[in-house]
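Here it is: the structure, laid out below.
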Amino acid sequence: MSETLSVTGLVATTPRHLVTQDGLPITSFRLASSQRRFDRTQNKWIDGETNWFTVTAFRQLAINSAGSINKGDRLVVAGKLRVRDWDNGERAGTSVEVEADSLGHDLTWGSSVFTRTVLVRE
Amino acid sequence: MSETLSVTGLVATTPRHLVTQDGLPITSFRLASSQRRFDRTQNKWIDGETNWFTVTAFRQLAINSAGSINKGDRLVVAGKLRVRDWDNGERAGTSVEVEADSLGHDLTWGSSVFTRTVLVRE
Amino acid sequence: MSETLSVTGLVATTPRHLVTQDGLPITSFRLASSQRRFDRTQNKWIDGETNWFTVTAFRQLAINSAGSINKGDRLVVAGKLRVRDWDNGERAGTSVEVEADSLGHDLTWGSSVFTRTVLVRE
Amino acid sequence: MSETLSVTGLVATTPRHLVTQDGLPITSFRLASSQRRFDRTQNKWIDGETNWFTVTAFRQLAINSAGSINKGDRLVVAGKLRVRDWDNGERAGTSVEVEADSLGHDLTWGSSVFTRTVLVRE
(Lines give C-alpha, C1' and ligand atoms only; values in the text may rest on other atoms or scores of the structure.)
Protein backbone atom coordinates (compact mmCIF):
# COMPACT_ATOMS: atom_id res chain seq x y z
CA MET A 1 0.00 0.00 0.00
CA SER A 2 1.31 3.43 -0.78
CA GLU A 3 0.79 6.28 1.66
CA THR A 4 -1.92 8.55 0.35
CA LEU A 5 -2.55 11.87 2.02
CA SER A 6 -4.02 15.29 1.42
CA VAL A 7 -2.13 18.48 2.10
CA THR A 8 -3.29 22.10 2.19
CA GLY A 9 -0.89 24.99 2.12
CA LEU A 10 0.83 27.91 0.48
CA VAL A 11 2.82 27.69 -2.78
CA ALA A 12 6.26 28.92 -1.68
CA THR A 13 8.18 28.85 -4.96
CA THR A 14 7.41 29.74 -8.57
CA PRO A 15 6.24 26.47 -10.17
CA ARG A 16 8.85 24.90 -12.45
CA HIS A 17 7.53 23.26 -15.62
CA LEU A 18 9.45 21.00 -17.98
CA VAL A 19 8.85 18.30 -20.57
CA THR A 20 11.13 15.28 -20.54
CA GLN A 21 12.76 13.95 -23.69
CA ASP A 22 10.10 11.24 -23.69
CA GLY A 23 7.43 13.94 -23.85
CA LEU A 24 6.26 13.72 -20.23
CA PRO A 25 5.13 17.11 -18.79
CA ILE A 26 6.19 17.66 -15.16
CA THR A 27 5.40 20.60 -12.87
CA SER A 28 6.81 20.95 -9.37
CA PHE A 29 6.93 23.51 -6.54
CA ARG A 30 7.42 23.77 -2.79
CA LEU A 31 4.36 23.83 -0.55
CA ALA A 32 4.33 25.06 3.07
CA SER A 33 1.61 23.57 5.23
CA SER A 34 1.17 25.39 8.54
CA GLN A 35 -0.77 23.49 11.09
CA ARG A 36 -3.34 25.27 13.20
CA ARG A 37 -3.86 23.80 16.65
CA PHE A 38 -5.96 24.69 19.65
CA ASP A 39 -3.83 25.90 22.53
CA ARG A 40 -5.54 25.09 25.78
CA THR A 41 -3.45 27.43 27.92
CA GLN A 42 -4.32 30.41 25.67
CA ASN A 43 -7.81 29.06 24.89
CA LYS A 44 -7.43 29.90 21.19
CA TRP A 45 -6.20 28.53 17.84
CA ILE A 46 -2.56 29.25 17.06
CA ASP A 47 -0.17 28.52 14.20
CA GLY A 48 1.74 25.33 14.80
CA GLU A 49 4.87 24.22 12.98
CA THR A 50 5.13 23.95 9.22
CA ASN A 51 5.46 20.83 7.07
CA TRP A 52 7.38 21.44 3.84
CA PHE A 53 6.70 19.31 0.75
CA THR A 54 7.83 19.19 -2.85
CA VAL A 55 4.66 18.72 -4.88
CA THR A 56 5.05 17.08 -8.29
CA ALA A 57 2.39 16.77 -10.99
CA PHE A 58 2.57 14.85 -14.27
CA ARG A 59 0.82 14.86 -17.65
CA GLN A 60 -2.37 16.96 -18.02
CA LEU A 61 -2.30 17.94 -14.35
CA ALA A 62 1.22 19.30 -14.88
CA ILE A 63 0.13 21.36 -17.89
CA ASN A 64 -2.93 22.84 -16.19
CA SER A 65 -1.00 23.49 -12.96
CA ALA A 66 1.73 25.36 -14.82
CA GLY A 67 -0.88 27.63 -16.38
CA SER A 68 -2.97 28.21 -13.25
CA ILE A 69 -0.73 28.24 -10.16
CA ASN A 70 1.39 31.11 -8.90
CA LYS A 71 3.69 31.55 -5.94
CA GLY A 72 1.58 32.63 -2.98
CA ASP A 73 -1.53 30.67 -3.99
CA ARG A 74 -3.35 28.47 -1.49
CA LEU A 75 -3.89 24.86 -2.62
CA VAL A 76 -5.45 21.58 -1.63
CA VAL A 77 -3.47 18.58 -2.91
CA ALA A 78 -4.29 14.85 -2.78
CA GLY A 79 -1.56 12.39 -3.65
CA LYS A 80 1.02 9.84 -2.66
CA LEU A 81 3.81 10.50 -0.17
CA ARG A 82 7.38 9.69 -1.19
CA VAL A 83 10.20 9.91 1.36
CA ARG A 84 13.55 9.44 -0.31
CA ASP A 85 17.16 9.64 0.78
CA TRP A 86 19.46 11.28 -1.75
CA ASP A 87 23.21 11.63 -2.06
CA ASN A 88 24.84 13.60 -4.87
CA GLY A 89 28.39 12.84 -3.85
CA GLU A 90 28.88 16.20 -2.18
CA ARG A 91 25.83 16.34 0.03
CA ALA A 92 23.14 13.96 1.23
CA GLY A 93 19.67 14.44 2.62
CA THR A 94 16.05 13.39 2.67
CA SER A 95 13.39 14.64 0.28
CA VAL A 96 9.69 14.60 1.10
CA GLU A 97 7.53 14.65 -1.97
CA VAL A 98 3.83 14.48 -2.72
CA GLU A 99 3.09 13.06 -6.16
CA ALA A 100 -0.23 14.77 -6.87
CA ASP A 101 -3.22 12.77 -8.06
CA SER A 102 -5.37 15.91 -7.95
CA LEU A 103 -4.92 19.49 -6.84
CA GLY A 104 -6.77 22.79 -6.92
CA HIS A 105 -6.97 26.29 -5.47
CA ASP A 106 -8.35 26.15 -1.94
CA LEU A 107 -11.66 28.04 -1.95
CA THR A 108 -11.23 28.71 1.78
CA TRP A 109 -9.04 31.59 0.65
CA GLY A 110 -10.62 32.94 -2.52
CA SER A 111 -12.83 32.29 -5.53
CA SER A 112 -11.93 30.64 -8.82
CA VAL A 113 -13.18 30.60 -12.38
CA PHE A 114 -12.74 27.14 -13.87
CA THR A 115 -12.41 26.27 -17.57
CA ARG A 116 -12.69 22.62 -18.46
CA THR A 117 -9.98 21.34 -20.82
CA VAL A 118 -10.30 17.61 -20.42
CA LEU A 119 -13.37 16.04 -21.90
CA VAL A 120 -12.49 12.38 -21.91
CA ARG A 121 -13.66 9.60 -19.61
CA GLU A 122 -17.27 10.73 -19.15
CA MET B 1 -9.89 10.74 16.28
CA SER B 2 -12.15 11.80 13.49
CA GLU B 3 -11.93 10.16 10.08
CA THR B 4 -10.25 12.54 7.69
CA LEU B 5 -10.17 11.78 4.00
CA SER B 6 -9.82 13.37 0.60
CA VAL B 7 -12.30 12.82 -2.19
CA THR B 8 -12.14 13.71 -5.86
CA GLY B 9 -15.18 13.70 -8.08
CA LEU B 10 -17.92 15.33 -10.07
CA VAL B 11 -20.42 17.85 -8.66
CA ALA B 12 -23.72 16.13 -9.36
CA THR B 13 -26.22 18.71 -8.10
CA THR B 14 -26.51 22.50 -8.21
CA PRO B 15 -24.88 23.71 -4.97
CA ARG B 16 -27.39 24.88 -2.36
CA HIS B 17 -26.37 27.92 -0.32
CA LEU B 18 -28.09 29.23 2.79
CA VAL B 19 -27.34 31.33 5.85
CA THR B 20 -28.69 30.15 9.19
CA GLN B 21 -30.55 32.48 11.56
CA ASP B 22 -27.31 32.67 13.56
CA GLY B 23 -25.54 34.02 10.49
CA LEU B 24 -23.62 30.84 9.56
CA PRO B 25 -23.16 30.41 5.78
CA ILE B 26 -23.54 26.80 4.57
CA THR B 27 -23.09 25.38 1.06
CA SER B 28 -23.77 21.76 0.17
CA PHE B 29 -23.98 19.54 -2.90
CA ARG B 30 -23.71 15.91 -3.98
CA LEU B 31 -20.38 14.60 -5.23
CA ALA B 32 -19.91 11.43 -7.30
CA SER B 33 -16.50 9.81 -6.98
CA SER B 34 -15.85 7.15 -9.61
CA GLN B 35 -12.98 4.88 -8.85
CA ARG B 36 -10.59 3.87 -11.59
CA ARG B 37 -9.00 0.47 -11.11
CA PHE B 38 -6.61 -1.69 -13.11
CA ASP B 39 -8.34 -4.74 -14.52
CA ARG B 40 -5.84 -7.55 -14.88
CA THR B 41 -7.98 -9.68 -17.17
CA GLN B 42 -8.41 -6.78 -19.64
CA ASN B 43 -4.93 -5.38 -18.87
CA LYS B 44 -6.24 -1.80 -18.74
CA TRP B 45 -7.77 0.80 -16.38
CA ILE B 46 -11.54 0.72 -16.12
CA ASP B 47 -14.21 2.69 -14.24
CA GLY B 48 -15.06 1.05 -10.96
CA GLU B 49 -18.08 1.74 -8.81
CA THR B 50 -19.06 5.19 -7.60
CA ASN B 51 -19.01 6.53 -4.04
CA TRP B 52 -21.65 9.21 -3.41
CA PHE B 53 -21.11 11.89 -0.79
CA THR B 54 -22.90 14.99 0.43
CA VAL B 55 -20.21 17.67 0.73
CA THR B 56 -20.89 20.50 3.20
CA ALA B 57 -18.86 23.70 3.60
CA PHE B 58 -19.21 26.39 6.25
CA ARG B 59 -18.28 30.07 6.71
CA GLN B 60 -15.90 31.64 4.14
CA LEU B 61 -15.44 28.33 2.32
CA ALA B 62 -19.24 28.15 1.90
CA ILE B 63 -19.39 31.68 0.48
CA ASN B 64 -16.54 31.14 -1.99
CA SER B 65 -17.85 27.70 -3.00
CA ALA B 66 -21.30 29.09 -3.73
CA GLY B 67 -19.76 31.69 -6.05
CA SER B 68 -17.30 29.37 -7.79
CA ILE B 69 -18.77 25.88 -8.11
CA ASN B 70 -21.26 24.66 -10.68
CA LYS B 71 -22.93 21.33 -11.36
CA GLY B 72 -20.58 19.28 -13.56
CA ASP B 73 -17.37 20.70 -12.09
CA ARG B 74 -14.53 18.39 -11.01
CA LEU B 75 -13.32 18.93 -7.44
CA VAL B 76 -10.78 17.80 -4.90
CA VAL B 77 -12.12 17.93 -1.32
CA ALA B 78 -10.34 17.32 1.99
CA GLY B 79 -12.43 16.97 5.12
CA LYS B 80 -13.99 14.87 7.81
CA LEU B 81 -16.25 11.91 7.17
CA ARG B 82 -19.62 11.78 8.94
CA VAL B 83 -21.80 8.68 8.69
CA ARG B 84 -25.21 9.32 10.23
CA ASP B 85 -28.44 7.37 10.54
CA TRP B 86 -31.53 9.49 10.08
CA ASP B 87 -35.25 8.91 10.60
CA ASN B 88 -37.87 11.52 9.74
CA GLY B 89 -40.83 9.49 10.96
CA GLU B 90 -41.82 8.38 7.47
CA ARG B 91 -38.51 7.13 6.16
CA ALA B 92 -35.10 6.23 7.57
CA GLY B 93 -31.65 5.86 6.08
CA THR B 94 -27.96 6.55 6.30
CA SER B 95 -26.28 9.74 5.14
CA VAL B 96 -22.61 9.92 4.21
CA GLU B 97 -21.25 13.41 4.48
CA VAL B 98 -17.86 15.05 4.04
CA GLU B 99 -17.52 18.24 6.07
CA ALA B 100 -15.00 20.11 3.93
CA ASP B 101 -11.89 21.65 5.49
CA SER B 102 -10.68 22.71 2.03
CA LEU B 103 -11.83 22.20 -1.53
CA GLY B 104 -10.95 23.38 -5.01
CA HIS B 105 -11.39 22.72 -8.73
CA ASP B 106 -9.31 19.70 -9.75
CA LEU B 107 -6.70 20.93 -12.24
CA THR B 108 -6.50 17.42 -13.70
CA TRP B 109 -9.57 18.45 -15.68
CA GLY B 110 -9.07 22.12 -16.51
CA SER B 111 -7.48 25.43 -15.63
CA SER B 112 -8.59 27.98 -13.06
CA VAL B 113 -8.16 31.68 -12.41
CA PHE B 114 -7.95 32.34 -8.68
CA THR B 115 -8.81 35.59 -6.89
CA ARG B 116 -7.78 35.81 -3.28
CA THR B 117 -10.48 37.10 -0.94
CA VAL B 118 -9.12 36.13 2.43
CA LEU B 119 -6.10 38.04 3.60
CA VAL B 120 -5.96 37.14 7.28
CA ARG B 121 -3.67 34.74 9.10
CA GLU B 122 -0.46 35.45 7.20
CA MET C 1 -8.60 7.33 -7.19
CA SER C 2 -10.27 5.32 -4.49
CA GLU C 3 -10.92 6.86 -1.10
CA THR C 4 -8.45 5.45 1.36
CA LEU C 5 -8.86 6.15 5.05
CA SER C 6 -7.97 4.85 8.46
CA VAL C 7 -10.52 4.20 11.17
CA THR C 8 -10.11 3.45 14.85
CA GLY C 9 -12.92 2.08 16.94
CA LEU C 10 -14.70 -0.62 18.87
CA VAL C 11 -15.74 -3.99 17.38
CA ALA C 12 -19.50 -3.93 17.93
CA THR C 13 -20.52 -7.36 16.60
CA THR C 14 -19.07 -10.87 16.74
CA PRO C 15 -16.95 -11.20 13.56
CA ARG C 16 -18.58 -13.35 10.89
CA HIS C 17 -16.22 -15.60 8.93
CA LEU C 18 -17.05 -17.51 5.76
CA VAL C 19 -15.33 -19.04 2.75
CA THR C 20 -16.94 -18.56 -0.66
CA GLN C 21 -17.47 -21.44 -3.08
CA ASP C 22 -14.42 -20.16 -4.95
CA GLY C 23 -12.34 -20.59 -1.79
CA LEU C 24 -12.09 -16.90 -0.84
CA PRO C 25 -12.01 -16.33 2.96
CA ILE C 26 -14.02 -13.28 4.11
CA THR C 27 -14.39 -11.84 7.63
CA SER C 28 -16.65 -8.92 8.45
CA PHE C 29 -17.94 -7.05 11.52
CA ARG C 30 -19.39 -3.69 12.56
CA LEU C 31 -17.04 -1.04 13.93
CA ALA C 32 -18.13 1.98 15.98
CA SER C 33 -15.80 4.97 15.77
CA SER C 34 -16.52 7.63 18.40
CA GLN C 35 -14.93 10.92 17.72
CA ARG C 36 -13.38 12.88 20.56
CA ARG C 37 -13.46 16.64 20.12
CA PHE C 38 -12.36 19.62 22.19
CA ASP C 39 -15.34 21.58 23.50
CA ARG C 40 -14.36 25.20 23.93
CA THR C 41 -17.32 26.13 26.13
CA GLN C 42 -16.52 23.32 28.58
CA ASN C 43 -12.75 23.61 27.98
CA LYS C 44 -12.33 19.83 27.80
CA TRP C 45 -12.42 16.86 25.42
CA ILE C 46 -15.82 15.24 25.01
CA ASP C 47 -17.25 12.31 23.04
CA GLY C 48 -18.61 13.42 19.71
CA GLU C 49 -20.92 11.45 17.47
CA THR C 50 -20.21 7.94 16.24
CA ASN C 51 -19.40 6.79 12.70
CA TRP C 52 -20.53 3.21 12.01
CA PHE C 53 -18.75 1.09 9.42
CA THR C 54 -18.91 -2.48 8.17
CA VAL C 55 -15.30 -3.67 8.00
CA THR C 56 -14.54 -6.47 5.53
CA ALA C 57 -11.27 -8.41 5.23
CA PHE C 58 -10.27 -10.96 2.59
CA ARG C 59 -7.78 -13.80 2.20
CA GLN C 60 -5.05 -14.17 4.87
CA LEU C 61 -6.19 -11.03 6.68
CA ALA C 62 -9.67 -12.57 6.94
CA ILE C 63 -8.28 -15.80 8.41
CA ASN C 64 -6.06 -14.06 10.97
CA SER C 65 -8.80 -11.58 11.89
CA ALA C 66 -11.30 -14.38 12.50
CA GLY C 67 -8.86 -16.04 14.91
CA SER C 68 -7.76 -12.88 16.72
CA ILE C 69 -10.65 -10.40 16.96
CA ASN C 70 -13.52 -10.46 19.43
CA LYS C 71 -16.52 -8.25 20.01
CA GLY C 72 -15.44 -5.38 22.27
CA ASP C 73 -11.87 -5.19 20.94
CA ARG C 74 -10.34 -1.87 19.95
CA LEU C 75 -8.88 -1.76 16.43
CA VAL C 76 -7.02 0.42 13.97
CA VAL C 77 -8.03 -0.27 10.35
CA ALA C 78 -6.59 1.10 7.10
CA GLY C 79 -8.49 0.51 3.90
CA LYS C 80 -10.73 1.70 1.12
CA LEU C 81 -14.12 3.32 1.65
CA ARG C 82 -17.11 1.97 -0.24
CA VAL C 83 -20.46 3.74 -0.09
CA ARG C 84 -23.17 1.66 -1.75
CA ASP C 85 -26.92 1.96 -2.18
CA TRP C 86 -28.76 -1.31 -1.81
CA ASP C 87 -32.31 -2.45 -2.45
CA ASN C 88 -33.53 -5.95 -1.66
CA GLY C 89 -37.04 -5.44 -3.01
CA GLU C 90 -38.54 -4.94 0.45
CA ARG C 91 -36.21 -2.32 1.84
CA ALA C 92 -33.50 0.01 0.54
CA GLY C 93 -30.63 1.84 2.15
CA THR C 94 -27.01 2.86 2.06
CA SER C 95 -24.12 0.75 3.31
CA VAL C 96 -20.79 2.23 4.38
CA GLU C 97 -17.99 -0.27 4.19
CA VAL C 98 -14.25 -0.23 4.76
CA GLU C 99 -12.43 -2.91 2.77
CA ALA C 100 -9.42 -3.47 5.02
CA ASP C 101 -5.90 -3.44 3.58
CA SER C 102 -4.48 -3.86 7.10
CA LEU C 103 -5.86 -3.95 10.60
CA GLY C 104 -4.68 -4.64 14.13
CA HIS C 105 -5.51 -4.30 17.83
CA ASP C 106 -5.05 -0.67 18.89
CA LEU C 107 -2.25 -0.63 21.49
CA THR C 108 -3.70 2.59 22.93
CA TRP C 109 -6.06 0.28 24.80
CA GLY C 110 -4.01 -2.80 25.69
CA SER C 111 -1.05 -5.02 24.89
CA SER C 112 -0.80 -7.78 22.32
CA VAL C 113 1.28 -10.89 21.71
CA PHE C 114 1.89 -11.35 17.98
CA THR C 115 2.64 -14.63 16.19
CA ARG C 116 3.80 -14.35 12.63
CA THR C 117 2.05 -16.68 10.19
CA VAL C 118 2.97 -15.15 6.85
CA LEU C 119 6.57 -15.48 5.81
CA VAL C 120 6.43 -14.56 2.15
CA ARG C 121 7.50 -11.36 0.44
CA GLU C 122 10.61 -10.62 2.47
CA MET D 1 -5.20 21.22 9.33
CA SER D 2 -2.52 18.72 10.18
CA GLU D 3 -1.61 15.97 7.73
CA THR D 4 -3.06 12.72 8.98
CA LEU D 5 -2.09 9.47 7.33
CA SER D 6 -1.87 5.76 7.90
CA VAL D 7 1.27 3.76 7.32
CA THR D 8 1.87 0.00 7.21
CA GLY D 9 5.31 -1.49 7.41
CA LEU D 10 8.09 -3.34 9.13
CA VAL D 11 9.64 -2.31 12.46
CA ALA D 12 13.30 -1.84 11.50
CA THR D 13 14.87 -0.94 14.86
CA THR D 14 14.45 -2.11 18.44
CA PRO D 15 11.87 0.28 19.97
CA ARG D 16 13.41 2.83 22.33
CA HIS D 17 11.37 3.65 25.44
CA LEU D 18 11.98 6.50 27.86
CA VAL D 19 10.13 8.62 30.39
CA THR D 20 10.80 12.36 30.42
CA GLN D 21 11.54 14.25 33.64
CA ASP D 22 7.94 15.46 33.51
CA GLY D 23 6.78 11.84 33.58
CA LEU D 24 5.77 11.55 29.91
CA PRO D 25 6.33 8.04 28.46
CA ILE D 26 7.67 8.05 24.88
CA THR D 27 8.37 5.09 22.58
CA SER D 28 9.92 5.46 19.13
CA PHE D 29 11.29 3.26 16.35
CA ARG D 30 12.00 3.30 12.61
CA LEU D 31 9.37 1.87 10.26
CA ALA D 32 10.04 0.78 6.66
CA SER D 33 7.02 0.92 4.38
CA SER D 34 7.54 -0.88 1.07
CA GLN D 35 5.04 -0.04 -1.56
CA ARG D 36 3.64 -2.77 -3.74
CA ARG D 37 2.64 -1.65 -7.22
CA PHE D 38 1.28 -3.32 -10.31
CA ASP D 39 3.86 -3.43 -13.09
CA ARG D 40 2.11 -3.42 -16.44
CA THR D 41 5.11 -4.56 -18.44
CA GLN D 42 5.58 -7.62 -16.22
CA ASN D 43 1.82 -7.97 -15.59
CA LYS D 44 2.37 -8.62 -11.88
CA TRP D 45 2.71 -6.90 -8.49
CA ILE D 46 6.25 -5.93 -7.56
CA ASP D 47 7.94 -4.23 -4.61
CA GLY D 48 8.28 -0.51 -5.15
CA GLU D 49 10.50 1.87 -3.24
CA THR D 50 10.48 2.19 0.52
CA ASN D 51 9.28 5.12 2.65
CA TRP D 52 11.14 5.40 5.97
CA PHE D 53 9.48 6.98 9.00
CA THR D 54 10.29 7.54 12.63
CA VAL D 55 7.17 6.53 14.55
CA THR D 56 6.67 8.12 17.98
CA ALA D 57 4.04 7.19 20.55
CA PHE D 58 3.21 8.95 23.83
CA ARG D 59 1.52 8.12 27.14
CA GLN D 60 -0.39 4.82 27.40
CA LEU D 61 0.25 4.00 23.74
CA ALA D 62 3.98 4.36 24.41
CA ILE D 63 3.83 2.02 27.40
CA ASN D 64 1.82 -0.67 25.59
CA SER D 65 3.95 -0.36 22.44
CA ALA D 66 7.18 -0.82 24.43
CA GLY D 67 5.80 -4.04 25.91
CA SER D 68 4.31 -5.46 22.71
CA ILE D 69 6.44 -4.46 19.72
CA ASN D 70 9.68 -6.04 18.55
CA LYS D 71 12.03 -5.37 15.69
CA GLY D 72 10.75 -7.26 12.65
CA ASP D 73 7.07 -6.91 13.54
CA ARG D 74 4.55 -5.76 10.95
CA LEU D 75 2.40 -2.79 12.03
CA VAL D 76 -0.45 -0.55 10.95
CA VAL D 77 -0.08 3.01 12.28
CA ALA D 78 -2.48 5.98 12.09
CA GLY D 79 -1.18 9.40 13.04
CA LYS D 80 0.01 12.84 12.12
CA LEU D 81 2.89 13.54 9.75
CA ARG D 82 5.68 15.85 10.88
CA VAL D 83 8.40 16.94 8.46
CA ARG D 84 11.13 18.82 10.27
CA ASP D 85 14.49 20.28 9.34
CA TRP D 86 17.16 19.80 11.97
CA ASP D 87 20.66 21.14 12.45
CA ASN D 88 22.89 20.06 15.32
CA GLY D 89 25.77 22.36 14.43
CA GLU D 90 27.77 19.57 12.81
CA ARG D 91 25.19 18.11 10.49
CA ALA D 92 21.78 19.07 9.15
CA GLY D 93 18.94 17.14 7.60
CA THR D 94 15.24 16.46 7.39
CA SER D 95 13.33 14.13 9.69
CA VAL D 96 10.04 12.52 8.73
CA GLU D 97 8.01 11.48 11.72
CA VAL D 98 4.60 9.96 12.32
CA GLU D 99 3.17 10.86 15.72
CA ALA D 100 0.97 7.84 16.32
CA ASP D 101 -2.65 8.28 17.37
CA SER D 102 -3.16 4.50 17.22
CA LEU D 103 -1.10 1.52 16.16
CA GLY D 104 -1.28 -2.27 16.19
CA HIS D 105 0.17 -5.47 14.77
CA ASP D 106 -0.99 -5.92 11.19
CA LEU D 107 -3.09 -9.10 11.07
CA THR D 108 -2.26 -9.48 7.37
CA TRP D 109 0.94 -11.07 8.61
CA GLY D 110 0.00 -13.03 11.74
CA SER D 111 -2.35 -13.46 14.66
CA SER D 112 -2.42 -11.60 17.95
CA VAL D 113 -3.68 -12.16 21.48
CA PHE D 114 -4.91 -8.87 22.93
CA THR D 115 -5.14 -8.00 26.64
CA ARG D 116 -7.06 -4.88 27.48
CA THR D 117 -5.32 -2.56 29.95
CA VAL D 118 -7.25 0.67 29.51
CA LEU D 119 -10.76 0.70 30.86
CA VAL D 120 -11.56 4.39 30.89
CA ARG D 121 -13.70 6.43 28.50
CA GLU D 122 -16.48 3.89 27.89
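Chains: A, B, C and D, in written order; residue numbering restarts at 1 for each.
As a convention for this text, contacts are C-beta pairs under 8 Å (C-beta built on N, C-alpha and C of every residue); 3 or more make two chains touch, one makes a residue touch a chain.
This structure is a prediction, so every number in the text was calculated from the model and none was measured.
Across the two interfaces under comparison, B-C and C-D, the one joined by more C-beta contacts turns out to be C-D. When chain centres are set by their Cα atoms, the one at the greatest distance from subunit D is B. Chain centres here are Cα means. That of subunit C falls 19 Å from that of subunit D. Mean C-alpha position of subunit B lies 31 Å from that of subunit D. With centres taken as mean Cα positions, subunit C sits 24 Å from subunit B. Looking at subunit A, residues 1, 4-6, 8, 78, 101-102 sit in touch with two or more other chains. The touching residues of subunit D, when paired with subunit C in their complex, are 4-6, 8, 10, 47, 57, 60-61, 64-65, 67-69, 73-78, 101-118, 121-122. Put simply, subunit D touches subunit B in their complex at residues 1, 4, 38, 40, 43, 78, 101-102.
Chain contact summary for the complex, subunit A toward subunit D: residues 1-8, 33, 35-37, 48-49, 51-53, 81-85, 93-96.
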